[in-house]
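Going by the order they are written in, the chains are A, B, C and D; count residues from 1 in each one.
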Amino acid sequence: MNDAMPKWADIVLIPLINLALALFVSGLVVALIGKNPFEALYILVNGSVGSAYGWGYTLFYATNFIFTGLSVAVAFHARLFNIGGEGQAALGGLGVALVALSIDWPHWALALPAAVIGGMIFGALWAAVPAYLQVRRGSHIVITTIMFNYIAAALMVYLLANVLKVPGSASPETARFIEGARLPNAADILPWVGFSRSTPLNVSFLVAVLACIGVYFLIWRTRLGYEIRAFGHSEPAALYAGISPVRITMLAMLISGGLSGLMAINAVMGEAERLVLDPVQGAGFVGIAVALMGRSHPLGVFIAALLFGALYQGGAELTFEMNGMTREMILVIQALVILFTGALDNMVRSPVERMFLSRRRQPEAPLPTTPLQPGGHPDDAKIEP
Amino acid sequence: MDETLAIELRGISKAFGPVQANKDISIQVKRGTIHGIIGENGAGKSTLMSILYGFYRADSGEVFIGGKKTEIPDSQAAIDAGIGMVFQHFKLVENFTVLENVILGAEDGRLLKPSLAKARKLLKKLADDYEMDVDPDAIIEDLGVGQQQRVEILKALYREADILILDEPTGVLTPAEADHLFRILKGLRDEGKTIILITHKLREIMEITDTVSVMRRGEMTATVKTAETSPEQLAELMVGRKVLLRVDKTPATPGAVVLEVENLRVVDDRNVERLRGIDLTIRAGEVLGIAGVSGNGQSELLEILGGYAKGTGVIRVNGQQIDITGSASDARTRRARGIAHVPEDRQREGLIMDYRAWENIGFGYHDDPKFNSGLLMHNSALKTDCVDKMERFDVRPPDPNLAAKNFSGGNQQKIVLAREIERNPDLLLIGQPTRGVDIGAIEFIHQQIVALRDQGKAILLVSVELDEIMALSDRIAVMFDGRIMGERLPSETNQGELGLLMAGITEDAA
Amino acid sequence: MDFLGVIQLLDSSLRLATPLLLACLAGLFSERAGIFDIGLEGKMLASAFFSAAVASYTGSVWIGLMAGIGASLVLAAIHGVASITFRGNQLISGVAINFLASGLTVVIGEAWFSLGGRTPQLEGAARFQEITLPFANAVRDVPYLGPIYADFLSGHSILVYVALALVPITWWVLFRTRFGLRLRAVGENPAAVDTAGVSVVGLRYAAVMICGVLTGIAGAYLATALSAGFVKEMSAGRGFIALAALIFAKWRPWYALGATLLFGLLEALGNRFQSLDLFGIPIPTQFMQALPYILTVVILAGFVGRAIPPRAGGEPYVKER
Amino acid sequence: EPGLIIDLGGKFDKSFNESAYNGAQRWVEETGGDYSETELANEAQREQTMRRMAERGANPVVVLGFANASTLEVVAPDYPDTEFVIVDMVVDQPNVKSVVFAEHQGSYLVGMMAAMASETGTVSFIGGMDVPLISKFACGYAQGAKAADPDANVIVNMTGTTPTAWNDPVKGAELTRSQISQGSDVVFAAAGGTGIGVLQAAADAGILSIGVDSNQNYLHPGQVLTSMVKRVDNAVYDAFTKGAAGELETGISVMGLDNNGVGFAMDDNNADLVTPEMVAAVEEAKAKIIAGEIEVHDFTTDGSCPAY
């Protein structure tokens, strides 16, 4: 029972302390390589959320992480560890690109739903094989999804270098999508906010928000979600209730793969406007961290994705603005954030919990004592009949 | 310093987060006696003993062993002080052999070989001395619970324990096995060892202990000489009010046949035949009790009737044969045929411990149109339903938003019962209805089962508690090793006869 | 392909399998004790960097090896503190360690050598050299057995032999010693170990640290034996493959040898037959490059049954909630 | 003040990016000037960084690598007063100078040298990833080898299909050993950080290797036959100098053998390895290529290679 602490402490105070610790240690690393940590912190924060420009990038990265984070989260609810987000998102990119390139789209509003479907189907198909093998052959989904990441990478290189590339071009990338298959970006939609023309943030962010809401509904409101969670909590109980493990594993992985595939809406259709080699850029792996830190809840995923988006953008500013700051520094900061907010959570939680507990115990009145003589040995103390 | 005291605890307190499990407990245990500890579920018995064994650390209080103040920061210290403990939930490594489990932590050197050889010899000797045979090379998970318990006792004896704590040891034993255990305990006592026996069975307390302490809600309410007390008094001390120790019921009036089972066989995933041809029938308005030591196929019987084990044979419900092998054979289709199921292990199967009460109230029936529209769940319908059922089954606290894990065992069981009974099934399967449930709640649950029978339902009751089987059943079938050894009427049999059947001994053999 | 070709293929498989084997055995210790470790990759990378950096700085590969093991141990300790002491989520901790290693190796490397995160090339005593086993040259001409001995078994760095020797040693430690019994028990049921009077925390730390040492050797092998210096991200996913091999091997030492040799062989085959014509139709390079992964899936699905992990794996040992 | 955007892969990749960086450094040393520089960390930053550079007032802005082309196509028109230089790709905008290299020609020459230095008649190539640009190297190399020795056997291998393909010296070394076992005794690496492992394995096994992009002969003196240099440094240096003087010409500039944009590296480290006959043959071929008498096929034009 987790009533040791008020809720606000659980969801606000503790994460903030953790984040502060992570930044503190990051500051030590920055200082260690001879840079000013305060300046770095300022650039990091200001660069990511200090301007419309920064937000444009922060939210763009966050969009990717929301999709991959949700993907991992949905699988987690069924107690499946899908580390195939990289490959599923790459295949999603293929699906999106095929949709975008296949028809002379008159308007993005038509192209987007089609691309959503294309991305989801391709991502889901790439997850389907590992899911099926898990269900039918007991092949461990962790291995198979790792393998499918590599296979996806090979497939993408083959297709882009040989099949989809613009003839005569040396670039392993598809042609740029036509106007009707390009998504409007933040500057198009919200010109008055001050987003720059080039901001990569685009309507896919809204799709991501919808996906969060959708996943929330799926998991906590639908019958399927009810069954997925039940299966994830206890397989014997699921069997007892007549929930088919085969069906749940397949469906959860298909949805998970579909969500990863959706990432391509943002990265391929929204930003690059063409399919390039490796459009995923590690977002599949970041999704694992995002899902774990967000406790597999869509809102948590959203917040964690935002945090990682801000770190990505702030980190870019850091390398841009601070001489001699390598881009790997940002990996270190990310790692520390994951470590402190995710894995070392109890380091802060336990003492805080104890603090709250001791404050709460004091006013409690003792239980009324029984009229019986407590304890001792019968020779010494007789009880009332 | 009192040399005659094996153990003295003074002022032990222990809190688990907000739960105060032990509150300022003091107790003295004389050397060479069997000391019983009795109390409702959750009274804090296991916690207290676990503190003595160094498994938990007390928040405050002192421990004296043999009159000497002793710090027990961990189990090693307890072992060094001559204490051995058989936990309520065994602490065995399931895929290790018996020998490996016995020597674990008490190995003689860095290498295993000498320890294993030594343990094998000692095990043989202990087996001879106490008639406790266990195959030293058997894998724990292949053993029955009774055998597993022997391993736990052997572990303690191997460590030369002087003081032996047994936490609810008889729950998993046949009466004969329990008698055997008690003989062993008496033997050990006569050798001068001290024994602490935790149980919730008053009969056992009366039968074997010299003194008994009663716990209630984390506090020690009394310690008395067994000879100077009575079951009724103990029960009252435990619960704080008078309780009915018998079940009131009228003779059954059986109706039409509801369930027919012919030659039912189940093979588990390790290719062991768990059911070896079961035949039985149950009529409307009667309770068929299945007695037996756990692990003799009862679970598999419930599982295949409940729809989630596969096997061969014939099952007919209300005269219609149901599919038990096809892919459509699952718990869902069973429920559609009017079979409700209270599973043996409510925490593993019957409930999703992280689900709130209202979510659990629809578990298994979540595809009922009342609870969903095909896609979305009607959470409000579930909640209303839950509030209603909680009230009628007196679930405490009556809070539908509380997670199942935060209810006490008895209340968890009430939630499951409420859910299954209220479906108005034709056939109700009930496994271990009162396991881990305290006396007060047992009373209530038993009344519910009898009431259901009187409404004309067919009930299959599986329990390892012979008392319960005797009290509730209209007919009793005894299972042993995947077979039904025989059927008896409760009025025409006794615990002794049933106990023999449970051990696989039929009259012709005996 | 002729016999010598086969020998060379096996030779290559052995080299490629060695880092996987070391990491796989490392993971085996950790996971057998109930601590899942997806941070093998990061530890390997950190060790690769520090072994190369220190070897280049001191000129001694042995000091480098120690430094690599040390770095890996530091990360292992972080994993231990997070997942044992503070009962954190082992997966999160592993992910964090992977990120930390990819970032820190470059940040430190850049600050140290200003070579963009690389270390200087290692030469001479700063590298592990290949060892020629006794009589290797003398027996080379013996048919079949000669080449097997001289070309396949002989001529590897000492760490290869260490890795091979670690297989029976691991088996022996796990199944024949007190420590091994307790280690396996703590991964199956920590409460049993605890009530037997043995420290769960101590055992798990020991296992995590052994894991650190072995991944340390794996990383050093990459940077100071197979290549001559550190390049960023040079572990190139081998930690994950090792993890896959561990599951494949069902957490058993001899199977681990088999699994990693199989992975090594598949990769060697992929290297050797990158361009292949099948009945005159050229197979795309990318297909051949993906073949090891495809075959892994096929073998897993076709021949390897369900792998049951240690039962207490991944869950922190919590007595009081 | 000029600006340089270093591509994914990093400043010290020992080849492409590093060469550009060296060009910028040379300019700094010679002119004492200052320039802005930044490294890309991921795909999405391309546009961001280009715009940031332009808005910061850098001029000209040099971007490296083919992957920037489609981005620059969009960005350049928004900054008509800024001049951009893109290396390795053509972008058709009035304020963009596109610098492309005839890598196939340079590779042809080192291919000839490889075949001539080979005793086994088998030479090999290791590329990072099987993408058109790398095949352009491989194909030129194979053509050169076949030209010098029509019976030459050319083995072509690629490291991998994930980004780690460019940073996997272990795999590079293993591929090299595999090629050696197939008879190769000269190996040409065009695989970024992976190439370091290739050159190392070649040196360890006592065979010859060929470096790429910058002059890598010094890495293993006496064991690197030559390096196929691609003077990205010159391109950058040139852009910086001309940009400062305000005389940068936009349009396409092909850096080939004729203007020393590509070539093979000769220095003390490989002086003993390259025989006068080799130099003579290669110089002759070079002259013929410049004169148009020999036409080296460019893989990227049609995705096929006549030599394999």
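Simple rule for what comes next: contacts are C-beta pairs under 8 Å (C-beta built on N, C-alpha and C of every residue); 3 or more make two chains touch, one makes a residue touch a chain.
This structure is a prediction, so every number in the text was calculated from the model and none was measured.
J.: Any chance you could name the chains that touch chain C and chain D both?
T.: Chains in contact with chain C as well as chain D: A.
J.: On a CA-centroid basis, which chain has its centre farthest from chain D's?
T.: B
J.: Starting from the mean Cα coordinates of chain A and chain B, work out the distance between those two points in Å.
T.: Chain A and chain B have C-alpha centres separated by 43 Å.
J.: Using mean CA coordinates as chain centres, what's the gap between chain A and chain C in Å?
T.: 29
J.: How many angstrom lie between the centres of chain A and chain D, each centre taken as the mean Cα position?
T.: Their C-alpha centroids are separated by 38 Å.
J.: Between chain B and chain D, what distance separates the C-alpha centroids? Give it in angstrom.
T.: Centres of chain B and chain D (C-alpha means) sit 75 Å apart.
J.: Show the residues in chain D shared as contacts by 2 or more other chains, in ascending order.
T.: If we look for residues of chain D contacting two or more partner chains, we find 130, 160-162.
J.: Can you list the chain C residues in contact with two or more other chains?
T.: Counting only residues that touch two or more other chains, chain C contributes 117, 232, 237, 286, 289-290.
J.: Going by the touch rule set out above, which residues of chain B reach two or more other chains?
T.: 17
J.: For this structure, enumerate the chain pairs that meet the touch criterion.
T.: Chain pairs that touch: A-B, A-C, A-D, B-C, C-D.
J.: In the complex, go through chain B and note every residue touching chain A.
T.: Where chain B meets chain A, its residues are 17-19, 23-28, 30, 211, 216-217, 219-225, 228, 233, 237, 240, 306-308, 330-335, 341, 343, 345, 348-355, 359, 363-364, 366-367, 372, 374-377, 379, 403, 405-406.
J.: Taking the touch rule as given, give the residues of chain D at its contact with chain C in the complex, in rising order.
T.: Per the touch definition, chain D meets chain C at residues 10-14, 18, 130, 156-158, 160-162, 164, 167-175, 177-178, 181-182, 193-194, 196-197, 200, 219.
J.: Within their complex, state which residues of chain B touch chain C.
T.: It is residues 16-17, 53-56, 74-80, 85, 87, 91-96, 100-101, 103-107, 109-113, 115, 155 of chain B that touch chain C.
J.: Show which residues of chain C lie in contact with chain A when the two form their complex.
T.: So the residues of chain C in touch with chain A come to 78, 81-83, 86-93, 95-100, 102-108, 110-111, 117, 232, 237, 240-241, 243-244, 247-248, 284, 286-287, 289-290, 293-294, 296-297, 300-302, 304-307.
J.: Using the touch definition from the top, list the residues of chain C that touch chain B in their complex.
T.: 175-182, 184-185, 188-189, 191-199, 311, 319-321
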